[in-house]
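Chain IDs A, B, C and D follow the sequence of writing; residue 1 opens each chain.
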Amino acid sequence: MDRSRLEAFSDGVFAVAITLLALNLAVAGPGHGPLLRQIGEHWPAFVAYLISFFTIGVIWVNHHALMQNVQAVDRTLLFTNLVLLLFVVVIPFATSTMAEYLTAGGQDANVAMALYAAIFEGMGLSFAAIFWWTLGEGRTIRAVPKEAKRAAWLRFSPGMIAYLMAVGVAFVSAEAALAIIGLAALYYVFERTPQA
Amino acid sequence: MDRSRLEAFSDGVFAVAITLLALNLAVAGPGHGPLLRQIGEHWPAFVAYLISFFTIGVIWVNHHALMQNVQAVDRTLLFTNLVLLLFVVVIPFATSTMAEYLTAGGQDANVAMALYAAIFEGMGLSFAAIFWWTLGEGRTIRAVPKEAKRAAWLRFSPGMIAYLMAVGVAFVSAEAALAIIGLAALYYVFERTPQA
Amino acid sequence: MDRSRLEAFSDGVFAVAITLLALNLAVAGPGHGPLLRQIGEHWPAFVAYLISFFTIGVIWVNHHALMQNVQAVDRTLLFTNLVLLLFVVVIPFATSTMAEYLTAGGQDANVAMALYAAIFEGMGLSFAAIFWWTLGEGRTIRAVPKEAKRAAWLRFSPGMIAYLMAVGVAFVSAEAALAIIGLAALYYVFERTPQA
Amino acid sequence: MDRSRLEAFSDGVFAVAITLLALNLAVAGPGHGPLLRQIGEHWPAFVAYLISFFTIGVIWVNHHALMQNVQAVDRTLLFTNLVLLLFVVVIPFATSTMAEYLTAGGQDANVAMALYAAIFEGMGLSFAAIFWWTLGEGRTIRAVPKEAKRAAWLRFSPGMIAYLMAVGVAFVSAEAALAIIGLAALYYVFERTPQA
């Protein structure tokens, strides 16, 4: 089984999920107060859109880099990849639920934020599982030297730790958890560790 | 007519359908009781999402494997493939209807579950029709040996029998039918019969 | 400019549009009468889904066949193709509006059906424009012999005449117009005129 | 990192965004007055659909032309491209909000139109940033001669000036701003400056 159709299908899912995020951007419409005030009151929806957009974007970029070195696609990889996509596809739902409850406030804002962070943690863990799979004998086109493996784990860790922390912090302060997740996205957009 | 555009179009439809599944994940929102209780009460939506996601995923994986050995694409294949996609595209609707009625309970939960199982049976039959078509003289790149054909039919049968059973069982117990469909998805994720 | 990205983008639009059709399949939900009666009362939505699905499918198949012989992609082709996609993208809206008004009955059922047929006519005309463009000097990889051109026009004509007729017939009987459009889809699924 | 997956992902996002535009086409449905009058009253939705459709189409065509000459894809390009897609993905939301407020009238029609124009300006600026990036040493397959660079900037400028003007004009007359944006789309569909 060749790699190209796995990439095409994954790209399709990433592209649809990232575009569906914007379906959650909505204002109540005419007759519900000034438009700018409506947008201001729904700020969590817009911030959440930005964070989820770049997080999916980062995962797409890393997915691309990882797959490029894969020698052969077996059923284990196909289904681990499906688990990754399972989390990606849930992100628009988790994003809109989180934004809605953050706007409303109250204790469920904490629960919704913890769920949001947990989905990102699940996505990160699935990605790590795919990376771990590629380390097996003869699974990559070019051998991955030891230092590159360590560098890769060092690149994954901040995200996985940040999302886990955010799950806990969410119960204390939803806004602080959102800031942690936003910083993780920023970190990955700008980090320059050499690729494995 | 070459195979690659048939695959690209099918991959697009699979990717959009699998992502649209998550549009059905929704809670009533703030002011309708605690978030976790809302999610608990909508458990059928989340279980149905998982089952439909992996069933579409399995069909995508098998579609990929089948197409890889196809020599030439004719109009019969194109339109049989369209019938397969017709069922795939209906899955998000069948999933959300089933989940909604299972949550509400009552006799229509049975009807909705039978419809859900029937859509999967239709998808399975279309897939079998495509496989049957590939068995014709000179339609595959490599000849498919007799044992491989038998192995392939053995791989298809459990699903087609399970979905048919689920249609009937649905009228007795919707939950039991859902369990059968879920087990079929699990079976296909883990089965290791060599590919035709 | 090469052909492959034009095809990839068009395939994406076809795939999304054909999948969005199913978003229009919806029942009122629990508490609005028996599920089967609800489905029965919404029969236009299901019939419309089938007809629109196969019509988009046929156009996709023909688009594929036409593009395969294109030598070079210029801006005229790109923008004529965009006009074709403009009509394809509107089909889910035209389908749901038609189904809704056909269910409700009354004079607007005729108007909605005429609009539905007009969108299909627009799609057919854009497709014919693309075909007409490919007939220019040096635009195809293989020269298209005169008989093949005539055969192609013979293949296009039934649809373009059928959709135009349906626009008119819609004002007399919406159901009759729907039958005409359905027959055109059936005709194209089964017709075997050799490809240009 | 090769170019093809960047193109495939971008094409997917363009295709989904352009198709989601049509989700905003909706009439109130049976029982809300004659269908044609409903469509007439919602004319901004249909005009906005046309303008947004062709603007995304033009950007897709130009994106294609630009990428074709790119030598190697680095992280700067990947993330600048993500910023471009961020604006593309928001267009369906900006389009529907603008159409809704233009239909309702009042002062928020001006605000909504300014936001709509600002999204297009953001898209134009991101595109210019990508073009500017390609001008760096050794980033294109064929060297871009000085005149071609000047021609390219001349091609970009009208759009970027038009969208900026539209942001300002929107506060005086929303309809005039819409006309400017529509003219920019028309200009790009028909302009024939040779490609860089």
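Miscellaneous remarks
We adopt the following convention: a contact is a pair of C-beta atoms (placed from the backbone, for glycine too) under 8 Å apart; a residue touches a chain by one contact, two chains touch by 3 or more.
Predicted model only: the values in this text are computed from it and were never measured.
Here the C-alpha atoms of chain B line up with those of chain C after a rotation of 90°, rounded in steps of 5.
With chains reduced to the mean position of their C-alpha atoms, the one farthest from chain A is C.
Of all residue numbers used at the contact between chain A and chain D, under half are used by both chains, marking a mostly different-residue interface.
As a whole-number value, the distance joining the C-alpha centres of chain A and chain B reads 26 Å.
Annotation: 37 Å between the Cα-based centres of chain B and chain D.
Contact of a single residue of chain D with at least two other chains is seen at positions 8, 11-12, 15-16, 20.
Across the interface of their complex, chain B is touched by residues 1-2, 5, 8-9, 12-13, 15-17, 20, 75, 78-79, 82, 85-86, 89-90, 92-93, 97, 100-101, 103-104, 106, 108, 111-112 of chain A. Chain C contributes residues 7-8, 11-12, 14-16, 18-23, 25-27, 29-31, 34-36, 50, 53-54, 57, 60-61, 64-65, 68, 189, 192 to its touches with chain B in the complex.
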